[in-house]
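Next up: some structures, all given as structure tokens.
In the two complexes that follow, chain A is the common piece, with chain B as its partner first and chain C second.
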Partner chain A sequence: MIAIIGAGPAGLAAAVTAAKKGEKVILIDSSTRLGGQYWRHLPSNWKQKRLPYFAEAQELFDQVLSSPLITWYSNAHVWQAEKKNEIFYLYVVKNGVEEVITAQKVILATGAYDRSLPFPGWTGPGVMTPGAAQAMLKTHGVLVGKKIVIAGTGPFLLPVATGLASAGAEIVALLEANKQWRWVFNVHGLLLNPSKIREGVYYLKKLRSLGISIQYGSTVTSFEAGIATIGKKEIACDVVAVGWGFVPELSLAGILGAKLSVQKDGTVVVDVDRNQETSIQGLFAAGESTGIGGSVLAIAEGEIAAGKGNRVTRWRAQVFAKGLQRVYPVSSGWLSSLNSEVTLCRCEEVKVSDIQSAIDELGAQDGRSAKLLTRAGMGLCQGRVCGRNVSEVVACHLSREVPDRERIASASRPLAGPISLGELGDGLGKKF
Partner chain B sequence: MIQPNKSLTFTFNGESFGAIPGQTIAAALLQAERTTLRTTRFNDEPRSIFCGIGICWDCVVTVNGVSNQRSCLIEVSDGMVVKS
Partner chain C sequence: MSANKNFDAIVIGAGIVGASSALALTNAGLRVLVLDRGAVASGTTGAGEGNILVSDKEPGPELTLALRSRDLWFELREDVGDSFELEAKGGVVVSRGDDRQLQEFADKQRFAGVDVRVVGDEELHELEPHLTRGVNSGILYPQDAQCQPMLAAAQFLKIVRQRGGEVRTSANVTNIFSAMGKVTGIETSVGKFSTPIVVNATGTWAGDIAKLAGTFLPIAPRKGFILVTAPMPQIINHKVYDSDYVANVASGEADLQTSTVVEGTRSGTILIGASRERIGFDGSMNIDVLRRLAAQATSLFPILRDVQLLRAYRGFRPYAPDHLPVIGEDSLISGLWHSAGHEGAGIGLAPGSARLIADQIIGAEPFMDPTPFSPGRFQAGAA
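Entry: the complex of A and B
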């Protein structure tokens, strides 16, 4: 039996490929709908027109649902995992009950989430990630605001802007922090992936038809009482959606002891070989957890992890993804302009000044000691939002670089998700 | 896009709201323009949805007496009692 964790593009592709080879698959996902964060869709009770890109998703959904070899285990959270005597044990909570799933092979397809940077006002209602705005619209049919500023960096801002505008929101500003000329760094990626050129042209045309122009090289510096500050300008809006690329979700890879490494831009990923196998035998990873790369790469990796995929497609998409990192870097400028009164850790309400005094007065020498002294990153999200930022603030205050081992430590956590003692005490009743 | 009827009802801090089957608590409240989901423990600051996908835990509420539930993940069921 193969256990696949995550039902986004990588997980779905892996499940379908494994089933085609005659293998039994359990596809575990925390959502109640297939598709992950990428192939979001409204429930079937909505009458809607599907976009053409959704055809590929629908085909994978249909194959997963119709295959007698695939069990889709929805609404299930894997909170802990271990490998004993060549068998993987996945501890899962579903509907408040803990269960254990055993498998000989595990494919992690746990995806990624928006990277956020702190700025004055970012904890208040109205500020959210572009992913949140997208999720509300595409999964629930809810428009998050009427007048929206979209900011940050990366190609994901474009579909978010066109989606929100098409649904009736006024996009009062679309701010891409990086300059357009940086695409010179990915000309080779574009030439290897002509579909990406078509996609880019599609969104630029769509933006123009919606009357939205992209302002390059600027971002939101604060949001207070319905006013977003953009450089010297102030703009009234009810929502500011800001995202700085993505963070791979690596909790389970870390728990199982797979080797993690740090990319040039500071992103922590799980290391895989040419077959998508991690340093732990039988543990594979596909999609964003091996490096942010988008759905084409995720699908190719998922198929290869399941034993049969196109390595050329993967290579092309990898080249494009590497190039994108150079087009859309996150500069360290956010650190130098950081106001000490800004909240850094949302969960534990730790301010930049708290971190600074942990260093100056209490002698913290790294992210870990700053965390222990201030509780930054120790709240419910377990540092998923602030972990990297805390490390970078500490390193900046000490005038040094964040060591790789600290980046890796802050991407790993002992539990993949909080669990109540009641759920834990339910006993391991049900087994697969 | 045609929106189905809000056939479910639930309460949030005592006030009644409607929801479309399949909608999460956060989605239904945001649709009703109820942006503050809770206030923080230490500084009493208002918070709403932030990541929208269950990562940040900013949108936590008490659902039918169980605290720290992510309103962006939990779908509304009829008669649900939600508190900040």
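Entry: the complex of A and C
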């Protein structure tokens, strides 16, 4: 049996491909709906709206639901995993009971989450990631505010802006930190992926029709009492949605011992070979965990991980994804907007000045020692939000680069998901 | 030997034992260099709960050391400042079955000077309102305390620097020089230093440092896991132990032992220990150990059933074959002092061990007979 973790584009594609080959699949996902973060779920009238990339989603959903070989294990999450004697043991919590699922082959399609950067006011009410604003709208039908500023970098800001505006919000500013001319770095990517040009044109037209213009090369530098500061301007708004690309979710890859590596921009990914197999035999990875690349790449990787996919499609999408990294880099400029009073770790309320004094007075010399001495990254999110930022602040204060091994260590954590002590102590309820 | 720097003493290891030793020697007037191959508190200290316990020790030299060391912790707070979350929260040992053994143990401890109070059903549940009703008597040890050990080590070293000492981290010791059986200096990845006194405070790795110096110490790792829960309001007031804990601490068995220790921390998380395994430096996660710890903790405190596990981490306790720490001068090389092998009690015993060494180095009368801790007990015939 193949266990696939994550029911976003990569996981769905992998499940459908494996089932077509006649293999039994268990598709484990923490949500109650298929689609993952990316296809959070389709609006009921997506066909009329001619949304560019949802047709493929519906087709995958239908195939997963109709295949007798695929067990969709929803509302379940893997909190721990191990490999013993060539067999993978996935420890899963579902409905308050822990279970073990065994498989000869595992495909990790665990996706990514929004990257946040600290700035004065970022922990206050009204500041969130674009992904959170979109999720509130799509999953709960809640519009997070009336007057919204969207900022950060990357193409994901565009669908968030059109989505929120279409739902009735006023987008008072849409700020892309990078300049538009940087697209020269991805001309080859666009030529190889004409559908991306169509997608871009769709969103730009849509934005124009909604009366939204993109301001390039600027971002929000503070947000206090309903006022967002953008360069020298101040804008009144009730929500600031800021996102700086995505962070691959690598907990399970790390727990199972797969080799992780650091990309040029500091993003930590799981290493895979041409078949999407990690350094651990039988453990495959597809989608954002192998590098942020979008749904087309995720689908191609998922199919290849399951044993039958188009390598040319993957290559094209990889070229595009690499180009995107150069169009939308996250510069170290965010470090200069920090003052010593800014909170770095919101769970444990650790400020920049706490990190500075841990280094200057207590001898912290890297992210780990700064964490142990200040509790940064030791709260509820376990450093998912702040781990990388703390490392970069420490390195900046010490005038050096963040070592790769520290980046990899802060992307790894001992538990892949929550489990209560009762669930853990009760032991395994049933076995697959 | 060409050395670019001279120190009165060099302490190897920037964990709690090294930091305490460096502070004691600095306060005794010596110019001290502290070296660590990693960062401050990056070894066993960084994986500890911060236990300062007298409750788990039977009468004997370790208890004498623990009692003095516990008082020294509070004296250090006067000296260094209230900067390492020291708290005399007290420990409660509970027993589920026949509690006669527990009471006898407590009686012996009382005779040795430990503050011991037997508490009955009503008082016990007043002390710990969420404790299972299945437990109806216990022993309160008001002297048991807790600190944040990483902060303590870092704060001690900060004071060492302020008082003229030096701390060099990421400095790997590559050789320890001696001439005519006396220490003369040390070679490291950051240079050579000359000194007549080296203190080996490298915990689990103390045997390797002893070997570099041409001598011998039988210190080995005993692995332990700690579960950490999501932060919550204070629901557990003391350190609460199952009486098995005391038996396991004293045990020499290699296979897995788990016994419950449950306690809250200032940050709101609840720490759950303690497992003991002798399987070398195997860092892998053992899910069965986590399961047993969770089952034991939730049976003591049913309220914990719905609390989320936030993380689990492991550390390696340094232990000596006879379960006593090694504190004193090497029997083969003079000027080489060891303070290691404190097993799970290193945080609690660190200031006492430091004082014991400092007193002997400066020629003062030590506060207790140091012979039981002598490295020589393992070194006869080892050269």
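In this section, the second predicted complex is superposed on the first by the 421 of 432 C-alpha atoms of A that agree within 3 Å, B and C clash if a C-alpha of one lies under 4 Å from a C-alpha of the other, contacts with A are read in each partner's own complex, and residues count from 1 in each chain.
In this text, a contact is a pair of C-beta atoms (placed from the backbone, for glycine too) under 8 Å apart; a residue touches a chain by one contact, two chains touch by 3 or more.
All of these numbers come straight from a predicted model, not from anything done at the bench.
**Student:** Put the two structures on top of each other at chain A: do chain B and chain C fit, or clash?
**Tutor:** Taken together on chain A, chain C would fit alongside chain B, as the superposition shows.
**Student:** Put down the vertex angle at chain A formed with chain B and chain C, C-alpha centres only, nearest 10°.
**Tutor:** About 80 degrees, rounded to the nearest 10.
**Student:** Looking at A:316, would you say it contacts chain B, chain C, both, or neither? Reply first, second, both or neither.
**Tutor:** The answer is neither, since A:316 touches no partner chain.
**Student:** Which partner does A:255 contact after superposing on A: first (chain B), second (chain C), both, neither?
**Tutor:** A:255: touches chain C, not chain B.
**Student:** Who does A:114 touch here: chain B (first), chain C (second), both, or neither?
**Tutor:** First partner only.
**Student:** Given the touch rule stated above, what does A:144 touch, chain B (first), chain C (second), both, or neither?
**Tutor:** first
**Student:** A:135 contacts which: chain B (first), chain C (second), both, neither?
**Tutor:** After superposing on A, A:135 lies in contact with chain B but is clear of chain C.
**Student:** Classify the contacts of A:380 with the two partner chains as first (chain B alone), second (chain C alone), both, or neither.
**Tutor:** Both chain B and chain C are touched by A:380.
**Student:** Just chain B (first), just chain C (second), both, or neither: which does A:94 touch?
**Tutor:** Neither: A:94 stays clear of chain B and chain C.
**Student:** Closest Cα approach between chain B and chain C after superposing, in Å?
**Tutor:** 6
**Student:** So chain A touches chain B in one structure and chain C in the other; where do those two contact lists coincide?
**Tutor:** The overlap between the chain B and chain C interfaces on chain A comprises residues 379-380, 418.
**Student:** Flag every residue of chain A that touches chain B in the complex, lowest number first.
**Tutor:** That would be residues 30, 32, 37, 42-43, 45-49, 113-114, 116, 123-129, 131-136, 139-142, 144, 249, 346-347, 349, 379-381, 384-385, 418 of chain A.
**Student:** Residue numbers of chain B touching chain A in their complex, please.
**Tutor:** The touching residues are 1-4, 20-24, 26-28, 30-31, 35-37, 40-43, 45-58, 60, 68, 72-73, 75.
**Student:** Okay, in this complex, where on chain C does chain A touch?
**Tutor:** 14, 39-42, 46, 150-151, 154-155, 157-158, 167, 169-170, 227, 229-231, 267, 272, 285, 287, 290-291, 294-299, 304-313
**Student:** Using the touch definition from the top, list the residues of chain A that touch chain C in their complex.
**Tutor:** It is residues 80, 82, 91, 255, 348, 358, 361-366, 368-369, 372-373, 375, 378-380, 382, 413-415, 418-422, 424-427 of chain A that touch chain C.
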